[in-house]
Structure formats: structure tokens, C-alpha cells
Amino acid sequence: MAEAVKAAIAFDNFDKPFVRFGKMDHVRVYEIEPDEIIEKELLDIPDASLFKTTEGNGCPGKNEPFLNEVAALLTGCKFLIVGETGGQPGRVLLRYGINVLEQQGEVAEVLGRLQAYLEKSK
Amino acid sequence: MSQIIQSARFSCALGAQQSILGIPRVVPIIHAGPGCSARQFQFLGGGAAYQGEGYCGGGQIPSTNSSQSEVVFGGEKKLATLIDSTLDIMDGDLYVVLAGCTAGIVGDDVAQVASDHSTKDKKVIGVDTAGFRGNNYKGHNLVVEGIIEQFVGDVDDEPEVEKGLVNVFSVIPYQNVNWRGDLEEIKRILEGIGLKVNILFGYGSRGASEWKKIPNAELNIVLSPWVGLGAAKLAQRKYETPYLHEPVLPVGLKATSAFLRRVGKELSLDSDRVNAFIKKEEDRYKKYFVSIGDLFSDLAAYLPYDAYVSGDDIYGLGSISFLENELGINVVKFYDTSDPGKLSQKIVNEALENIKEGLSEKTVFEADGAIIKNKIKDEIKERHNKALILGSSWEKGIAAETDSILIYQNNPVVDTVVVNRTYVGYNGGLRLIEDIYSGLFNKGVITNTTHGEDDKI
Amino acid sequence: MTQLNTEVEVRDRRLKSILSFSGKASELQEFSRQLKAPDKARTFTQCGDCAQMCAATICYHVRGAAVVVHAPMGCFATTPSTQEAINNSAKSRKVKPFNTQLICSNISEKETIYGGLKKLREAIDEAQNRFHPTAIFIQSSCAAGIVGDDIESVADEKQEELGIPIVPVYCEGFKSKIWSSGFDAGYHGILKRIVKKPEKKQEDLVNIFNFLGTDTFTPILKKIGLRPNYLVPLADVDTISRMTEAACSTHICETLGTYITDVLEKEYGVPKVHAPAPYGIKWTDAWYRELAKITGKSDIVENVIKSEHERIQPELEKLREELKGIKVYIYAGDSYAHNMGSIMADLGVEIVGITTLHHDMRTDGETIDHSTLQEMINVAGDIDKFTVCNKQPYEIIKVLKDTNPDVIIARHMNMTILAGKLGIPSLLEGEINISAGYDGILIMGRRIRDIVKAKGLLSTLKEYNQFPYTQKWLEDERLYI
């Protein structure tokens, strides 16, 4: 990798990782390099209900203004890893070059596997 | 041969999904991207003369719909979950996982996952048919051999040979558009000379249980130039079953009778029985043939004597033999669209030379339908003769433009519907005759009141 | 007009009340509650669509442009039907047909090991030599995406060399869980490499983002002195590049058009018509009014709306009579299902179910405000029967058996056969322009009335058919696992 790849992991408000997209409270952003992974920062995710929309009936995953805001917050991240998500968040974030992945497990372990994948696909 | 393609004549290795669907009650499970299965069905279902989803095809096919998560973190877990739930929801006798590009590049071991999730009653196997591994001719070979390896498997002692039982490795489901009618006719004529037939695909097959009996056959018949040859060789290695290689699909009286005699000889069948069946079929066939004699004689000046074949060699060789030897039609060019490897090309060329000297020089291996149809058009215009084209829907435009007779024999076919017709065997020869000479009247009835130069090409 | 409104309102109230008093609504609720918690992902999925197929609906049909599909043959395997679609559509759009110009680079094993850029360059050269196109789209694929081919750099290089836009479209199937991302990919490429800043403004021009479709918008827009700029299928590269000259943008499908109309508004100052697409009377009225407001036609729009209502009234009444009692099931993407719901309300047919709605909505139980869903419920009554995503046949078979509709309106492939195997005729919505506007309601009504003739043939299909599902699954109360 020429430069470090940034990946964000979604946490709920009990700081449990790999939460469902709609239940995301904050993310931790990690920088992934070939030989180390560094936690860079914690970003709060705003409440989706603050964003007015006519779609989705209260579902954050279908709230386009909210999704655009999440994408703006995650600028620079190549990946957002959640536990589970519908299709729309992935679609909107992809417009900004952010790939939404689904996984469960331990943070270190999952990031390690992502690191291995990035190494392999150089 | 073109690598860059404008008009498709085949799909990718994952098209073998349709081969799986060709075995009654066998369920394919696709481990690939979300659109792969549907694409295969579009080309090899709707695009194969509107053959539909049938029992468990089309939109019903279970698929992992692999996403980025599977590419980054591996897809075996998702596949495992899908296999488990498929066994609960889909009612089949055998389940075959096919890996697509995503799984193939990432390295998911579908055979292992399949094996791990087989149950006592429901066997699951896995074959890597990633799209980039080749076209669906290759894919078909991979799944046939895969089923033999993983489902039929090894047999402990020497398998008990059942006298008169044969396995047939022939046309490819859906890719060979008339496959259902073809296999029915092949089974019929082999049964006619006293054999028991594992036809393996199509409505006359008993499905997975038939495949299980592959080791018990007395003989394997490979009825195609190179597709299925690997399977027969595999069966020979595993079960010591000899094989008879018949590169030319029998079409019409002469080829079919000769074929049956060769089979009879190979198996030392009672020649009286064989001859009796052949005679009965020939008597019938000849009567039909003679009945069109008037048309042949009256309209001899209008019949096509030039033919162009645009399609694979499975159908191609059989049709060419029939046209040359029975209908006196001269094959001007054969465009073999199946993209055979060097060794397979050799088999094709040898078989062509056996049909008629010089035919291999008239053969071009070309996969781009756009190039083929333009070349055919140019040559017809140059030669100025009434032409017969055995081709696909890609040839429709040039056939109309050159006032040629077009027979839809090769994919894609979107201008006609195929149910059970065949151009193989005795019945196939008659049906082909029907369709070729009906084509004379595409633009209206020919009367013998004008003999002018009205076929302006 | 007063008469029409009253009738509509009465029907709304009647529908709502029937559903709540007959006990059907509670039955539906109960069935829904038996579903597994929506938080659980599906473990059994049947095959879907992919982003590349959606991108193709945009790129394959650009007049004069060529497409290089950088993929193995399976992503490409086209038939002459692709050309026929253009021919037929051009005819109904009253424009000249043109040849499809599609090439596949035919990625093989070698390319997955050594990279596919050499083949990509060859394919671009082939496209140039065979077609002399005005632009070349490059569609990526799962194989190209995973191998990591740097399509962008080849596009830059070739654009420099050939002097025409070379447009990468990143529509790899695995990139997104929903295939409509393919639309985004297509539009993104177009915005990046084809669309130009406007040199002038065409005040009467309205961008209409649609699929291959009939020219129904010329008469619709003509009535208020405007004309349609159909985008993107059948338009040529020059027209596409000048979409920024239009007075405003609208679309016939939210899922298709939301992204590009947003960008045009935010970055090029081309306002978006903030009203749902014109399907059904109420939405067509609202759309006309919004459009008129933006283009300064508010003074004439009310008369147009009034006279249009009067014009369709006689046949609409006749159709309502003929369609009385017919039960319709709608099986389509979110926005199209809403569009159809609106029309069904005008025709007075009973909607027995819609497949498309999102899980959370159902379990919410809260009042919904001004969403397009709510708009549809307002006009069509509460018909929220199932919240099923992704159109999986193994689920829908249960839904259809339960609701037993007379007709299904399907806008997704491989679905009509499921209905057919249950003896139910389908309207396969190939193009949707014909359902737009006031006339669209009449056309839809006639089509529903006529399609029920297929019942006889399909009942035979139902009789002879055998489904591949285990008895265990069919008897299982769950809708999906």
C-alpha cells in the first residue's frame, strides 16, 4: 500500500463494535499499514432524526441527508465496517468512495483480516 | 481467433449452472456475485429459444449474492449458511455449488465447504466454475467431471458391469438449443438396438440415481468431438469403463444407421436385433424422404446447394455430414464458435476430413458472431448462389438481406420457440429437411412460371 | 373537479374502513408478527440482479457511443434482443434507431494473474476501429474489480489518444448490496467525463431521467409550453453533455433519478422538481404544479389540470366499472410500487399487497408523515401487507398464495413466471413512461382489464407445474429464513 488505508468501525452507545448501521452511535477510525494498525480518532455519529427527509419512515438507513452527512464525516475512510446493514447506506456511501462491509467479531481480529486482504491485493 | 467479442455465442464457465439444471431434480447453488446467475439464465434460457426456468432454475436458484464483505473477509461462511438453508427449502436429490469469479479469485474452497455441509441424505458437491476459467463449454466439462469425482466418486471393488448399460456424454443443456429433443432421440435409438441408456440429462433421465450408476456401464459413448471426452477418460481411469468416441453427432439415415452399427459392433450386440431396428427406422425414413421427392425435383433449380455453418462443432459436424452426404449440399464455410483448445481443434479437423476431404480447410475457429455474420454475408454475395445458413439469431439480418434460408440451430436464438424438436437421429434428419425446405417459401410461394434471374443477391 | 375529489375521498375512507373492520388488517398484523425479528439477515437468498446490469440500462443505449465491458463473457453474453429493444424503443420515441456498439474484453484466467489492462486497451481499440464512436464507456466487473485493474489510468490515456470521452463506470456486482448502485455508477461517469457547464439556458427544456421509454412526455409538457429532454437512453453524447442547460430536472423513478437530479441541483444550479413522479391523478397534479412554479407557468397550469381531469373522466369511469373487484398485487422496487399504488387508487382496484416496503416501517407502529409511502397510503388506503425486500421467490410464493390476486404488476425479471405458475397473469412492466400522466392511468386500466384473458392458459400452467420447495418450507409459517 502506498499510503495507510483508513477504516472506520461502527459502535453502539455501549461501545460494542460491529453494531447494525441504524444503531450506530460513534465510529472509531483506524489507520491500517502493512505492519501496524493505529486507532486514530473517535467520531460521533449524529442522530438520524435530526435530518429531515420524506423517505424511509424513520429508518436511518433510508435517510439520504443523514447518509450524506455520515459520508462527509467519514471522508478519507475507505471502509466502514458494521455488523449488518440494508442496501441503501452502502449505495450512498459508495458514491463517496466509502465501502461498507459487514462483519462480526473482535475488532483486532477483523482489522487484521482486512489488513491481510489489503496486503494480498496490492 | 478473436478474443475481443462483439456478438456473443457463448457465456462463461458459470453457464454450467444450466447444465446442472439439465439433470432432473439437481439443484445448483451459486457462490458468486448477485447478478451472475440471472445473466446465465438470460442468455442460456430466454436466449436459447425461450427455454424457461423449469423446475428450480431462473430466479429460484439459491445464490450467496457475494458482496464486498465476502471478497474482503472470505465467503465460505456465507456459503455454508446458504447450503444449510437450501437443503431445508429446496427439494432436490443432489446439490451442486458453483463458484463464480469472486469466490474463484478470493480462493473460497467450495468443494470443501460443500463436503462439510453434506448430510447423510443430501449430498452437496462444489465445483470452481469461475467465469474467467473459460466459456461454458469448459464449464460443462468441469461440472460433469466434478459430479463424477465428488458424487459418483470412487468405488471400492471393481464395479459390477451391467450388460447393455451405456452412459452417453453428448449435447450441452441449453447451450445446444435442441438438447431435450436431441437426448430423447439418442436414447430412443440406442434403446431400439437393445441397450439400457443413462442419458444423464434431460426429461428422460432419472437424475442423480442414474449418475450413481455410471460406474456400472459396459460402455461410455462420447457423442461429440471434445466435450465430454475428459469425463469418459476419467471414468475409464476410475471404473475401467471403455469408451467409444463418436465425434460426429448422427443426423439423418446414413449417419444414424452407421452409428448404430458401430455401437452394436463395439458391444457385440445381436446383429439381427440391431439390423431389424435399423431396417424399421430406415423404411419409415425413406418413405418420408421420397414423399418430398416431388418438391426436390420440381424446384431443383431453386434449392440451396451452398451451406454456411455458424455454431459449435457438436452440432456442426453432425449437420455437415448430413448436408454433404444426404442432401448434396456443399459446405462452403464452417465457423466453429465453441473456442476449442489446440488438441480439440485437431479432433475437429480430423473428423471433418473423414466426412469429406478438404472440409478442414473450410473451417475457421471464430468466437465473435459479428465477424462471422459479416464474412458469411460477403461470401454469399460473392458466390451468388442460393445459400443455407445453419446459425443463430445473429444471422437473421444477413439471411434476409441475402435471401438465404436460415435454420436456428445455435445460440443465441430469440426468433423462435423450441420445445421438443431435434435435428439428431432419424427423426432429426426428417425435421431438418422439413425446416430447410420450408425456408424456400420465406418470401412467398415459388411457381414454375418464371425462370428469370430473380434471386438478386 | 369537485365531483372527482369527492369520489376519491369517499373511496379512500371506504378502503381504510373495510380493511380495519373486516378483520383483514388484524389478520395481516398477526401474520407479520410471526415473522422472525427484522434484525436478522436472510440466510437463504435466491439470485438477484447486479449493479452492472443496471449500469447497462444507461450506457448500452447511448446513441453513437460504444461500451467496452471489461469482464469475462458471462457478464456480457448479449443476444440480438438488446438491439431489438433499441429499435422498438426508438420507434415508440419517434426517433431514428441506431446500432448497439458493445464489445467484451473477454477476461480469461491469464488476465486474473497478470492483469487485464492490455486486453482492455485492445478492446478499446477494437471499439474505436469498428464503430468510430462519439464516446466509449468502460464497464467494470467483479473480476476486473478484484484483480484491481486501474481502469481510470487507461481511460485517461485513451481519452488523450482518441480525443473522445472514455468513461469508466465502476459497476462491479459485488460493490453494493443493492443493484441500483449501478445507476449511480453510470451517472457518476457521465457527470465526470461528459457533462459540461451550460453555455446557455433553455428555459422550456425539462430533463427527464428515464429508461428506454415511449415519448409520453412531449404531449404532457407541451400543455404548459415545455418540452422533454429524455436522458440517458437514446440520447446522443452531445445532448447528454448539455443536460445542464435545462430549466429543471425530473425523473420517472426515484431510485433511478435521485442521485443525478441532486447533483444537477447542487452543483449546476439546475433545480429539481421536488414532487413525486407523475403517476396517478393526485401526483400528476402536484408534479404539474411544482414544474409550473419552477418554470414560471403557474398561470396556465390550473386550467390545464382542470381540463385534463375532465378529458379523462369518461373513460376513467368506464374503466372503474370494468375493473371493479379486481385484486392487484404489486411487485416492484420501492418507488415504482408507490407509483403503481397511486394509479390503482384512481382505477378503484383493490391492492391486496405490495412487495417492497422496508422492515422497520412495519414494526414502528408510529404515524408516518409526508413520505412518498404516506402519499400512496393516503390515496390508496392502508394496504401494507408485507414488508419483504429483495423479491425472493421462495417468500413471495407464500404471499401470493395467501393474497390470491387476479393480476400482478411486476417490474422485475423472473417474477412473472412465479405468478404464472400460480395461475396469475402479470403485467411485466418493461417500460414505464406509458404509465405517466393522466393518460397513463387510462392505459394502465386498459392493460389490466385485458390481461385477465391470460387466466385460462396460466391455469393449465399451474396445473402441470411442480414447485421445487420442500413441503417443510411451504408449511413453515415463517416468511423467510
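A few points about this structure:
First chain written, first letter: the chains are A, B and C, and each begins at residue 1.
Simple rule for what comes next: a contact is a pair of C-beta atoms (placed from the backbone, for glycine too) under 8 Å apart; a residue touches a chain by one contact, two chains touch by 3 or more.
Being a predicted model, the structure only gives us computed values, none of them experimental.
Two chain pairs, A-B and A-C, are compared here, and A-C has more C-beta pairs in contact (counted per touch definition above). Comparing each chain's Cα centroid with the centroid of every protein Cα atom identifies chain C as the most central.
We define each chain's centre as the mean of its Cα atoms; on that basis subunit B and subunit C are separated by 37 Å. Averaged C-alpha coordinates give centres for subunit A and subunit B that are 48 Å from one another. Subunit A and subunit C have CA centres that are 29 Å apart. Residue positions of subunit A with contacts to 2 or more other chains are 99. Residues of subunit C in contact with two or more other chains: 146, 175-177.
Multi-chain contact residues of subunit B, defined as those touching 2 or more other chains: 67-68, 71.
Put simply, subunit C touches subunit B in their complex at residues 43-53, 71-81, 84, 102-109, 111-112, 119, 122-123, 126, 130, 141-143, 146-147, 172-177, 179, 391, 393-394, 413-415, 417-418, 466, 468-473, 481. Put simply, subunit B touches subunit C in their complex at residues 3-8, 10-15, 27, 30, 32-44, 46-47, 52-53, 55-56, 58-68, 70-71, 81-82, 84-86, 88-92, 100-102, 104-106, 131-136, 370, 393-394, 396, 412, 414-415. On the side of subunit C, the complex with subunit A involves touching residues 39, 41, 146, 148, 175-178, 180-181, 184, 188, 254, 258-259, 358, 360-361, 364, 366, 368-374, 389. The touching residues of subunit A, counted against subunit C in their complex, run 20, 22, 53-59, 62, 64, 84-88, 90-91, 94-95, 99, 121.
Contact residues on subunit B toward subunit A in their complex (touch as defined above): 67-69, 71-74.
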